[in-house]
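Here come two complexes built around chain A, the first alongside chain B, the second alongside chain C.
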Partner chain A sequence: MYNEFTKCHPFVNFFCFLFVITVTVFFNHPIITAVSFAGAMIYGITLLGSKILKYFFLFVLPLCLLCGIFNPVFNHQGMTILFYFQDGNPLTMESIVYGGVSALLLASVLLWFVSFNQVMDSDKIIYLFGRVVPSLATVITMVMRLVPMYACHFKEVYRLRALEIKKLNIYRRIRISLASVSSTTTWALENAVFTADSMTARGYGSSKRSFYSDFVFTNRDFILLSVIILTAAVFSVSAVMGGGYAMYFPYIKMGDNHLLNMSAYVSFGLACFLPVFFNVWEELKWRFMK
Partner chain B sequence: MNAKKLINSKTAAFFSVIFSALLIGAGVFLLKDRRYMLISLGIVFLSFVPFAMIFEGRKPRAREITVTAVMIAIGVVGRAAFFMVPQFKPMTAVVIISGIALGRETGFAVGSMSAFVSNMLAGQGPWTPWQMFALGLIGFISGIIFTDRNFQSKKILVCIYGFFASFVVYGVILDTSSVMMTVYEMNFQTVLSVYLLGIPFNLIHGVSTFLFLMLIGNSMIRKLSRIKNKFGILLCN
Partner chain C sequence: MAVYEVNNLTFKYPKGKNYALKNISFKVEEGETVIVCGLSGSGKSTLLKCLKPALVPFAGELSGEIFFDGTPSKEMSNTEQAAKIGFVMQRPDNQIVTHKLWHEMAFAMENLGFDKEMMRLKVGEMCSYFGLSHLYERDVNTLSGGQKQLINLASVLAADPKVIILDEPTSQLDPISATEFLNVIKRINRELGITIIISEHRLEEVISFADKLLAIDKGRQVFFGGVKEGIKTIALKNQELFKSMPVGIKLYDRYSNGNDYPLDVCGSRIFLKKYTENKKISSVVIAQKPDREKKETAIKCSDIWFKYEKKGKDIIKNLSLEVYKGEIFSVLGANGSGKSTLLKCLCGIEKPYRGRIKAEGRNAAALLPQDPALLFLKETVIDEFYESINKGKLGLSGKDKEKIEEAVEFFKLDKLLSMHPYDLSGGEQQKVALAKLLLKNPEIILLDEPTKGLDFSFKEKLQNTIKQLAKMGKTIIMVSHDIDFTAECSDRCAMLFNGEILSCSKPRDFFQKNRFYTTNASRIGRDIIPNAVFTDDILKALEGIR
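After this line comes the complex of A and B, so read on.
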């Protein structure tokens, strides 16, 4: 499937993730958490395919099980007592439910961040924060270029030093590595000063810094951003008025205003599935136009 | 110059404390559930803002920027090089060395930015703000406690500081974040058991920082001092 959402303007990507992840972290209503989990899982599958399942079963699931067990064992609040542990503390139904919901919440957040890492590459992050913190953004840009350069330089030095030695055992390998690290560091620091002088010579700091970017804010970005802002607004209003509210201790109580709840679920669900909907829409458009 | 920077740094700390206090107050009275999470995330962000403002506000010269970038890149490469061994990373050691040699503000910048950039490669997650905060704090504190003058005589102290910084400061901050993410009530039992679960990882991290500081501390500090003397770089703190 095409991943057109990845090619959208960074503002669209960022605000979508910001809204979805913030709500996921701070709302522990079971339906909101379930919607978020479904959205994260489906979008993750469209982005990464079966790799996300591997990540889910090997990393996310054990953590969530730990969280699901942890809650009822250590939290003894709640009215519905199922039985007593040997040390006299009760096991309550509320803490089991809460453990389940927070395990699902943890899984959704971790899965959303998988998609976040796929969609928000360094270019987009620097584009977003470059205007707010220009010096730090310059630092990040430089680091992204320096990291592969140092790895490359280190390998070069290491290979050259290894040539002199006939038999390489582990002790000698470590010694050569350390010497190569040392020489790479010296080279890196001297290089930094030359880079800085070159930057000054070319006028760094003489006026406001401008950034190169090839992101264009098109009509579809405008539409997507308006949808995100609209859903966020609807969700905020209904959440402030009590929609999507859940309380677990001492007894389970959820917001009972049907209209408010529904508007919270629908607006949040729309934002969660927005990337997937958009990808499907673009795919269909492409098929029909062909 | 020096006095002015001191005021800047102190004012920043003052404002973050004030705003954090306000935030805690608001959180305790207004919110019921998940308040720890909101408050602590707020504190983490509030502590960044003044430091980012200092870094931006003093209009860092090109040399400051490049040297900071080099230290961050070394930390990130170090973390990437040891990707096979969990928690056994030289990044914290590099952050401490930068804090000592380049001053506390640069130490904070190097710490938080190396956490951020290395997560760009390793994957961002809900842990990113806490890692940035913890490493930034470690760099900042090391810049307050130590100077790079006759480092050789204080080396063992720095190594011990490195162990405790990664075992206690980093470990407690990261483990507290996982407590807040998962449990309802932060009571003594839950917090203690999460800390106990975290001890093996934090121990490896602490020991690795100790070893890396032993191994590369001296030569790194010497290289940085040499660069500062040779090219007359004055990172004002």
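After this line comes the complex of A and C, so read on.
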């Protein structure tokens, strides 16, 4: 599917994810969690297709099942006792529900982070940091350059060493690895001298640093960001007044003001599905133009 | 007003016994290209660093005057000199700071506090001018050495410098990228009027467009002035340095008394044609070495195929190769033709997915990688040798000691034993690495681009070493871009293209067939002196008609 949301300004991407992920983590209300899960799953599919399903079934689902099962086994709070285990501990209905919601919550957060990694590439992260602390942005970009470079050097040294040794057992492998690490370190320090020279030569630290980026904040970004801020505001107000509230122990209790609850669900749902809505909108626009 | 005016520049490193530079004086006018030549260790790099105040080696003693644009260079502010004096160093990799091409291009401008609109314009301009637009969003790690060096240049240029100083910028590049890079240098000089000060091993490519020549030897100034006069002076005064001059210049120097030196192949051909006009040239007599009857096979590949990923492209396709014992075998080919991969297969780092490689015994082959530093693990050279025979200093038997002493003597390393391997020059590093490999007593030695970054005199030494090793019965297989070097020292050459070996024969036959991919001597002598491949061929033929 057409992924226009990825091309939006980093602020839009970042605040959307920030809002959605924060709420998902801190509100363990079943409906909010379910909405978040649906949003994460559908957006994940539009971004990565079947890859996300593979990730979900092979990694996320087993982990969440484990979490859902272990919670009632070890958590014995709650009033509604279903039966007693052999060791005399009770199994309660509340802990089962709580386990289920927590499992769903975990799944949503994991899925959101998949999309987050996909959308927020290194350029965007550096841009966000660069706006706040320019020198931190330099450090990040240097790390992103140097780590793969060192890893590559290490691998070459290791393989050349491994060639000379006839039988590779674990002990020898560790020894070669250590020697290669030390050699890579020396090499890295040696290189750093030149890098430092090259930085001074190009005036690093000589005056106040500015920040280069390709991102332009357009009207479209303004509208999207406004929507995100608006939904966040509506959600916050409803939440403070008691919307989307849920308690599991000792008995299950949820916020009962219908209006407040609905405004919390709708505003949060809008933010969760914003990337998908936006992509569909752009897709339709494109189709009608052709 | 001169861009640079240097008077009696003298420099001494903090712990150095001798002066690294002594009484250097010269004057560079705006828009000139100045080539700085000298052998390794003559003080070229030190001189160039002294020209940029921010890079003057720490705690050294600097005396004499350096004026940049009329003001003493010491008085320039950091911002000013970062913008006005661009500096490009040898190794493309360790000058790059950021991980994306666009960011690297903007790095210098960011440091100088340019505003965003200005930077965007400049980066766009640079990318268009250098033809880097298609790489704009690429990770730096995925680029080739030539492209990396081009980014380094572009990043420096973006700050709008008046002069660019380049310290052997192409020593780590293959010949094709090097030529491209130097063409860009020529272009920015001719089209933008930027002053260039460059030190370079590949004299044949720079000398044709340089205006001035500065020759230094052991820190002393040999000559400064026009290029052709400079060559004449070097020819008279400093034979060692003159050896590194291009073939055409050497021929001219020998057979003519003037100083109108031909600076490129075309000029050399014109001179040669004139000189040989109306004279009968006997074809070069080739003393064919008799083939030894019984050849023992050292390593044999039959129909090997290799690729890095299952769905990837085949890097080596159906390659068969037989190398004999005591032979020097060279594989030539362009970037990405699979040369280095072939070596990796031969030494066992990679395994072909089809076909077989048969060598005498496992680990018969030892690889000397492009960057010899990959083999260094210890603090001193002698420790490297101990490590190589897998014993500490105490566990050495008399035999081991003898072995090390032998290696030290063979490579003449006695003065370097207590030094840190990283403190050695490129050529010395290579010798130490080679010695380290030999202590393992391999039958086959694989060399990956052995001449990379070496100057002429080191190349000559390396050539002798390789020949000696072959005489001792070692088999040597090397891959290289360096056509002249491989032509001089191999027994057989092979051309690798697109993962296949296209032709394989003795260097003389090999290079005679080629029109483009051949030695400089063969280019100069083609159609004028039949069958000439080496410089010696031309010299002999001319000797015959004298």
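The rule we apply is simple: the second predicted complex is superposed on the first by the 251 of 290 C-alpha atoms of A that agree within 3 Å, B and C clash if a C-alpha of one lies under 4 Å from a C-alpha of the other, contacts with A are read in each partner's own complex, and residues count from 1 in each chain.
Criterion: contacts are C-beta pairs under 8 Å (C-beta built on N, C-alpha and C of every residue); 3 or more make two chains touch, one makes a residue touch a chain.
For clarity, every value in this text was computed on a predicted model and none was experimentally measured.
In the superposition on chain A, contact is made by A:M199 with both chain B and chain C. Legend: residue contacts after superposition of the two complexes on their common chain; A:S122 is shown touching both chain B and chain C. Touch criterion met: A:M144 reaches chain B and chain C at once. Touch criterion met: A:Y248 reaches chain B, while chain C stays clear of it.
In the superposition on chain A, contact is made by A:S207 with chain C only, not with chain B.
When the shared chain is aligned, chain C comes close enough to touch A:R159, but chain B does not.
Applying the stated contact rule after C-alpha superposition, one finds that A:L106 touches chain B and leaves chain C untouched. By the document's definition of touching, both partners, chain B and chain C, reach A:S182.
In the superposition on chain A, contact is made by A:E190 with both chain B and chain C. Within chain A, the residues touched by chain B in the first complex and by chain C in the second are 122, 134, 138, 142, 144, 182, 186, 190-192, 195, 197, 199-200, 204-205. Against chain C, the residues of chain A that register as touching in their complex are 122-123, 126, 134, 138, 141-142, 144-145, 148-149, 152-153, 156-157, 159-161, 163-164, 166, 179-180, 182-183, 186-187, 190-192, 194-195, 197-214.
Considering their complex, residues 52, 54-55, 77-79, 81-83, 86-87, 89, 91, 93-100, 102-103, 106-116, 119-120, 123, 140-141, 152, 155-156, 159, 347-349, 362-363, 366-367, 369, 373-377, 422, 440 of chain C touch chain A.
Interface residues of chain B facing chain A in the complex, by the touch rule stated above, are 32-34, 37-38, 52, 55-56, 59-63, 65-70, 72-74, 76-77, 80-81, 109, 113, 116-117, 120-121, 123-126, 181-185, 187, 189-190, 193, 215-216, 219-220, 223-224, 227, 231, 233. Touching chain B in their complex are the following residues of chain A: 25-26, 28, 67, 70-71, 74-75, 77, 95, 98, 102, 106, 109-110, 113-114, 116-117, 120, 122, 125, 133-136, 138-140, 142-144, 146-147, 150-151, 154, 178, 181-182, 185-186, 188-193, 195-197, 199-200, 204-205, 247-249.
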